[in-house]
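I've put the structures underneath this note.
Below are two complexes that have chain A in common, paired first with chain B and then with chain C.
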Partner chain A sequence: MTTPTLMPSLYDTYNAKWLSPADVAKTFVPPPQFARLAKRRNTLIVGPRGSGKTTLLKMLTQPALDQWSGEGAAQLRQKIGYTGVFIATDVSWNFQIRSLADDSLNPKSLKLLQTAALTAHTHKAIVEAMESRAASLRERYDNSAVATAREASLVLELARVWKLTPTVPSYFSLKCALRERLQRVHELAIIERELDISTSPARLIQNDFVVLPFLVSCRNATETFNDIYKEKRRFWALLFDEVELMPTNIREELYQYLRTFPGQLLFKLALSPFDDDLPSETSQNPPQRDNDYDFIPLWYPKKRKGYSFCRALWNGIISDSPMTGKRPEEVLGKSLVDTETDDWSEQGTAYSLNSPHYDYLTELASIDESFRDYLKGHNIELRNIDSIRGSERASTLRKVFPLVVARVERLRTNRDNSPELRSRKVSTIYTGTTAIFDICEGNPRTFIGLVSRLLEHTDQNRRRIGGDVQADEITQAVDRFRALLRTIVIPNLAASRFKKGMLSFLDPIGRQLQRLSLVESFTPEPPGTFVVDPETDSEMSRLLGYALNVGAIMHVPDREGDEELLSSSRLRTKKFRLSYLLAAHYGIPPRLGRHISLLSLLRKVSTHETDGLFSPGVKT
Partner chain B sequence: MREEKKWPDPSYLCADGKSAALQRDPLTDLPVLIENSQLKADILLCPGDLGDRASPSGIPFAWKGLQQVASQLGAKELVGTAGNHDINYGEVEPDVFLKQLTPLFPINSNALRNKYWTDHYTILEHSDFRLICSNSSAHHHSLTSPEADHGRITERTIMELRQVLENTERKAIQIFLCHHHPHQHSEYRLGETDMMKGGQLLLDLLQNHGNWLVVHGHKHHPRIIHAAGGCTAPWIFAAGSLAVYPNPTTQGHAFNQFYLIEMAPDTFSTRGWGGRIRAWDWIPQDGWQQPTAKSGLAATSGFGLMTDIRKAVAEIRTHLPVRSAGYLKWDDLLIRLPWLHHMCPLDIRELTANGHGIAIEFGANGVPLQIAEAK
Partner chain C sequence: MRREIAIEPKTYSEDETRYDLVAAALGYEERARHLFECHRFSAAYKVAWEFAENHVLSFEANKNHFSAAGFNIENSPDLPRRWIASALSDNSVQRRKACHVCVDISSLSRKRLAMWIEAFATAKSDFPIEVDFYYSAAKFVMPSENTAPNVCAGPVSSYFAGWALDPGFPTSLVLGLGYEPDRAIGAVEYLEPKEVVALEPISKEPRFTTAIVEANQQVMALKPQIVRYRVERPYETVMLLDAVLASLERRSRPILLPFGPKIFALSSLLVAKLHPTVAVWRVSPGAGEEPLQRYPNGEIFGLRAVFSVVGR
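The block that comes next holds the complex of A and B.
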C-alpha cells in the first residue's frame, strides 16, 4: 500500500492546526455534524482538505470547551461526558518516523519503533489533556497542596507503568520525559541501522518502553486519572487527526480500535475520504459502521445542504466588523440564478419581458440553434414570456437558466458558423450569495479565506461588493487552487501520462464536461457527474483518490447517508463530480446533471485532445 | 578620511542596508521587543565593538541606533566603551572615529568624555550608583604590536582608581564597564591570551571597595560568574553580542542577546547584594525571542549570592514536600527563600548534583520551573 503524502491546501493560513484549541474555540462555528461527532461513540470523521476536521477535533478538548461561548456550548460541556485527547499527526514525530522506513531497518524493528513513537506521542497528548482536565476540576480541590499531591500521585503512577523517570513529579516533567523518549526512539533507529539487521528486533525489545502495549497503556493511564480525581464514570476520547498521513501499519491498527472495546476509551479518527488501507480490506473482522462506529462526512454532495452552515460562518466572520448583522445578500447580492422563490408566482418574476433573465434567454436563442430547437420543442415563444405559467417556467426556463448564462458568456460562433468557446474570467453564475456558497461547498477554510478576501473590498461607505470584484476574487481563488493541484505529482506512477501532475489528469475531464455542457447541442441536463467504471485501472483510481482528498472532486452517493471512505477498489462504480471551484474554471454550472461513465468521457477526450498524452486508463 | 573597505559581513547589522536580504536586524527589531515587553532602564551600556574594522559608516550608524534604543528605554544615559574592532590600527589617531561621534562617546558629557580619552577611564556618579567606564583598548595602535592581541588596564590607572575609591563613599550599585575580560574566559577554545592585562589587579582593587558588577564584551559568549577572590570579589558578566554572526566555536552556546540588568537596593536586605539579568535571543527570521537553555544566558539569571551549596541545599530541602506529595513551583520557593533570586545559574545547576537530593525541572527558556525531592 502507498501512504498518501501531505496534500497542499487552499488558504492554508486559516488551517486550525496552527491554532491552540482555546484559540480555535474563540471563532468556532459549529457545522451540522458537530453534535453527532460530540457523542460518546467511536467515530470516523471524513472530509477533504479544509473541511474542518482539525477544528472539530480540537473543539472536543477541555481547553476549547472551556473557552467556547457559542450557542449550545454550556449544554455540550455538561453533556459531553468524556475528556478529549487531541493527537496531531505533525512533523514532530510522524515524518521522522516515516523517514525510518528504508531497507536498512528490519521490518519488525520498524514496526516496533513506529508503534513506540505513536505510543509516546499519544501518552504526551494524554498528559496534556489530563493537565487541562485537572485544572478545570481544581475548583473542587481549592487546597493547592491537595491538587499538587493528586498531580504527583498520578504522575508517579504513570511514570511507573510507562517506564519513565520524570525529574519532578509533575505533568510538565512527565511531558519532558516523553519528549526525551521520542528522541530516544529516533536514536534507536539510527543505532539499529548500523547493527546486524537479523538480530535487531531482539535487541530493541530489551528497551522496556518499546514493548509497551499501546491500548492497554493508554487505558491504564486514563483509569488511573479517573481513580485519583474521583471521576469513575468519565470516558476519554483519543482524537487522532490526519490519520491518512500515518504509516500504514499504524493506520491499520487505529482502524481496529474503532471496534467497541470494553472500558472507557473512545477513538475518533479524522481522515481524508480516500485511503487504500481500509479496515474491511485489511482485516478479517473489521469494525462495523453504525454498530462499532459512526461515520461522519464533512462534505455536501448536494450544495444546498451546506447553505445554513455557510450563513453561520458568514455571521461569525462579520461579527467583529462594522457589518455585524448584515445578511450576505446585502453585501454580496443575490445570485443571478437564485430565483427559486419567484418561480411559482405568476407575475413580477425575474423572468419577465426585458428583464436581465429575458435578455440572456433571447441572446442565447439568437446565437444557438440548438437552444432555439429546445424552446421550440417546449412551445416557448420568448416574446410571450410573461404568459408562461410558474410551474412551466420552473421546469423549462429556470431549470436551464444557469446553463443559458454559461453558454451566453462562453459561446461564440466562428467563421464556419459553428460554436466555439471563448475564454473569460469566472462566469456571472458564480457570483452572488448562494453562488459563493456553492463554490465553497461548505468547506469552512475555503469559505473563510474567500469571504475574508472579499470583505477587504468593503469599507464604511461602500459595503456592497460588486459582481466584477467577486468574479476577480473567485478567479484568483481558482487560479491558486489550480496552482496547488499543479504541484501535486503523485508518487510511484508507472505511466508517464500524468507526469505533469494532477491537473494533467483533471483538465481533460473538466474540458470534456465543459464541451458537453457548453459547446455541444443544447440539452437541459448535460452530464455533470461521472461514474468510475469497474474496469478503471488502479493507477487512475489512485489519482481519483488523491483528487478526492485534496477536494478537487467530490463523491456523490446515490442516497444521502451513503457517503463512505473509499479505496482504489471501492472507488469503482461510484459517482463523482468536479468541485465547484474547479468547475468554475471551465464555466460549468454548479449542478449535478446526468452522469456519464468516466472511461467513455475520457474516450471522447482522446478524440478531441491533441496533445496525445492522454489515453483512457483501462485495466489490462 | 579612511575609505570604506569591503570585508565579509561580520554582523547582521549593516550600515549600508546589506542586511536587507533578511529584511530585519537585531537593532531595528529592538523597539518591538522594548514596546511589547514594556522595558524601562535607567542607563544603557554598550561594552564595545560598535562596528568592525573601525568602519567609518558602521560606528556612527550603531551609535545612532543605540541612542534611539536608550531613548525608548527611558534611559538617562548611554555609556559605551571602545572595543578592539573600533580601532583603526596603523593610523596616527586610531580611535578617531569614536572621538568624532555625536552625541559624544563614550558618554554625552564633555568633562566625562575628555576624562575617558585622557586617562582611559571615567566615572559616572549618581546618588544610587557608580559607573566606572574603562578603555581596555587604549593601548591599541598597530595590529603588528602584541598589544593589539589583548586588553589592558595600566598600574597607573589602577592607582588612580584606588585613590578615587578610597576617598569616596561606596554606592549600593557599582558597575565597572570595559570591553576586555578581566579574568580568564577560555571555554569552547575561546583563547587565553586576549584578556585584559592587569585584570587581576583591577579585581583585587574592586573587591576591597564594596560589591561590584563588571560588565564586559569581547568574547561573544554570555556568562555570569563570580571572580576569584574573597566573598566581595566582583561578579563578572560577559555580555553576548547583540549582532555578530555566530562563531562556529560557540555555536549552540551563544546566541545574539540583549539584556536587562535589574538591581534593586531595597531588596538587598532580604535577598543580599546582587541582581537578576533578563535576556532575549535574536533569531534571524523571528526577531527577539525568549532564550532557550542553550542560548548562553537563560531568560532570567541571578548573581550576587555567595553561599555554601550544602547549606543552601539543607535550607531548600526543609521546604520541599516528600516526592510522593508533589513538588514546589520555583516561584513559590523564591517567595519563601528570597536569596535564591540572586543565585547564579552555575550554582542552581549544582543544587541538582548527585547526593543533594534535589531535582529541578527547567522550562524551555532555561529558567527553573519546578523543584522536588530527587528520586
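The block that comes next holds the complex of A and C.
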C-alpha cells in the first residue's frame, strides 16, 4: 500500500475531516463567525455541507491554536481562556453505535451502552486534549521531572474517578484503558443479546463504568487537571462535530448540556441546519438561545455578506502561488452585471448608447415583446438611453439588468415567434469575480474547490482567466453537485413517493423558477424564493430538510439573525431559495426576488413531468 | 458460544450433491434455479427463500421449479436461523457430529446473504457447520438506464457493523465496483473516507469490463488505489481482501462496500468476520431498483466456509 493521501471529494478538493488540527491551522482563513464561536459561551454552530464546521471546531483545540500564525492568532490565543476538546465522529462510527440496537437487546440496555460508548470516547478525547495542554504548559513553566509527576498524579486521579486501571500512570496507558473500555461495551452488547432481556439493565449497571454520569465525569476530570496544573480559572470546551448523525437519545442529551451549568465546562455543538429531533420539540425545559447558548449560522442568505470571507479565502489560496498579491478581479475579471470605472467614467454611467449594457438591453427588446412592453410602460426609448436620469435608470434598467442578461442568454424565439428556452452551459452572468463569489456563497469547500480548479488555467504570464473557461469550470462544478444530489444517500426515502431522489423534487422547483424568470412575460422582480406552505406534508418537508443539509437550498429568514435550526414542522412557513450553484444550472440570476408559495409553484408543474409527485402535496 | 470461520476454496463438483440442508433464493432472476436444474440435490432439508416483492420475470417459473424439486417455499425473516436449527437437530447430523450445507447465493440479496452467514456463525450447537456457497454467473445485460437514488445505506446488518475502537481514526473504504452508474460515487460522498481502495472485477466478458469503467468514472477521477480481482476465482479474492484489510487496519477504520458480483459480496462478508473491527455496508436503491433479468452463463463458482465452535 502507498502512503495514504487525502481523498478528494467529488465536489471539492478540501475536507478538514481527516486533517489533524495542526494541519488545519496551517491554511486556516477565519470566517467572520470565528471570533464569536471562540467566545467562552455554549454554542450551536450550524451550516450545510462544506461550510467549515469541522475546521472551525478543530481550530479551537490547543494544537491548532499553537500552530496558527494568521492575523489575530496571537490575540485569540491570549483571549480564548479555555481548552478545546475535539470529539470526532462520522457516519461509520454512528452506525456502529446504532448497531448495538438489536431486537434481542433491551432498549434501556441499549441506551446505557450507547451512553457508555460516548462517555468513553469523550474521555479519550479529553485525555488527548489534556496531553496537548500539558505539553503547551510544559514549554512555558516546567522541567521534565515536574511534568512527569503531574502527569502521573493526574492519570491516577482520572483512573480513580473513571474506574479505570491503566498499567502505568501515563496518558498513553490511560488512552489504552479507554480503548479497552470501548471494546468491553461491545462485548457486553453481544453477551446481553444471549441473556434474559428483562433483567438486562439490572445486570449492566453492575459494571461501574456503565453508570458513570457523563457530565459529572467530564467535569471532574477537567477540574482535576486545573487543580494539578494550577489553572484554576481555565474553562474546558467539549467540541462535538456532526451531532446530527448521533443516536437520538445522545443528541437530546447533548442539546440539554447547552443550558448553562455551574462549573467550567462549555459545549460547542456543530450540526447541519435540519434536524427532526430538536430539543424544544422533545423536552420540557429546552436551553434558551442567547441566554444559554449562542446560535451561529455558517451560511449567508444575502450573497454580499459572504464577499469579504471569499476575498480572504482567495488571498489564502493564492498565497503560495505565482498569483500572490493579485486581486480576484485581476484574475477572474469583473462580473457582467458589475461595472468598472472604464465603463462609466466618460459618460458617468455604464448604460450609455452602444455600451455593452445598451447592447444587451436592445437585444432583449428585439426578441422579447414583454420586455418591450416593460420599457414602454416606463416610457423608456433605448435609443435615448443617454438622456435617462440617474435615479430613473437605477430603478428601471440597472435593477433588471441581471435578468436581462439571463433572458438574452437563455431565450430564443421559436417558429411561432414566442419565446422558448435554449439549453446551454452555465450563463456568463455567473462568471467574473462577484458572480463566482455569489455561487460559492461563502462556503469554503465550494470556493476552494472551484477556485483551485480555475487557477489551474493560469499561465506563466498570469493572464486573466477567460469567461469561457470560467463558464466551463462552473458548468463542471454544477454537474458534480447535481451528481451528488442524484446519488447522495437519503435514509428512509424508499418508502416515500420521492423514491427517485432529491433531484426529482428539486428539478421541478428549479424549472418553475426558471420559467417565471426567463420565459414568462418580463417582470422586474420574478419570484426567486419560495415559502413552505403550512399544509406541506411531512415527506416533502423532510426532503427539503435534507436539501438544506446538503446545501442545495438555503433558508432565507426575514431578518438577519433570525436563522435557526429547522425540523420538519419548523420548516413550514419559512422562506428558502435554491443555492446559487444549483440556480446556475437553470440560468436563474443569483437574486432573492419575490417569494412564492411552494405548493402553488409545484401545482404549475405538469403531472406527466413529475409522475404526479406533487398532486398529493398537502398533509393528510 | 463463539464460532470461528475457516474459508477454503471450493470447486463446483457435479458429484457432490448430498447435503443436510440446501438453500436457494426464490426471486425473479432465471439464474436462481440454474444450479438446481443442473443437478438434483439430495438433502433432508430444502428451502427456497422467497422475496416478498417483484414477483415478475422468471419468478413463477422459479417457484414451479422449486416446488417440483421438493423445496419448502418461505419468506419469513428468521428463516436461516430456524432451518439451521432444524438441520442441526437432525438424527443424521447428530450421528456424524457435523452439518453439511449448500447455499446458492446467485439471487440472494446482500442482506439475506449476511443473515445466512450470521446464522451459521451464531448457531447454537457444538458441531461444525461446513457450508458450500455456490454462485451461477450471469450473461451480460446492460444496467438499467434509470438510475434510482441511494436510499438504503448502513451496515448490511448489526452483526456486520464492525466495532472500531477509535472513531478519531480515519475511515477507509474498500469499494467493490459494480456497473450501476453513480452508485459508488454516492457512497463515497456519504462516507467521506480518507482513503479508497477500489476492487475492480475482471471478467471474460469485455462488455462487463467496459460498463464497470463507464459507471465509475467519477470514482476513478478521485484516483483511488485500484486492485483487480477475477470473478471466477473467489478464493483468490478472499486472500486479496484479507491482505488489503490487514494493511488498512493499521492506519484506518476500513469499511467494505461490495458492489459488483454477488460472489464478491460473499467474499467480503466472510473476510469481514476475520477482521472484527471491519464493517460491511450496503448502499442501494431499495425497492426503487428496476428488476433486471439475469440469465445464467453456465459457469458456477464456489467457496467453502467452515464454522467451528471455539472456547465453550
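The working rule: the second predicted complex is superposed on the first by the 575 of 620 C-alpha atoms of A that agree within 3 Å, B and C clash if a C-alpha of one lies under 4 Å from a C-alpha of the other, contacts with A are read in each partner's own complex, and residues count from 1 in each chain.
We adopt the following convention: contacts are C-beta pairs under 8 Å (C-beta built on N, C-alpha and C of every residue); 3 or more make two chains touch, one makes a residue touch a chain.
Fair warning: this is a prediction, and the values are worked out from it, not measured in the lab.
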Once the structures are superposed on A, label A:151 by its partner contacts, choosing first (chain B), second (chain C), both or neither.
first
Tell me which of chain B and chain C touches more residues of chain A.
C
Does chain B (first) or chain C (second) touch A:483, or do both, or does neither?
second
Does any part of chain A touch chain B in one structure and chain C in the other, and if so which residues?
none
Mind listing the chain B positions that touch chain A in their complex?
321, 323-327, 359-361, 369-372, 375
Given the complex with chain B, which residues does chain A contribute to the contact?
145, 148-149, 151-153, 156, 165-170, 172-173, 176
Parts of chain A lying in touch with chain C, wherever the complex brings them together:
1-2, 4-11, 15, 17-18, 88-93, 95-96, 98-102, 121, 124-125, 128, 179, 182-183, 186, 480, 483-484, 486-494, 499-502
Residues of chain C that touch chain A when the two form their complex:
147-155, 158, 161-168, 170-172, 182-183, 185-196, 218, 222-225, 244, 247-248, 251-253, 255, 279, 283, 285-288
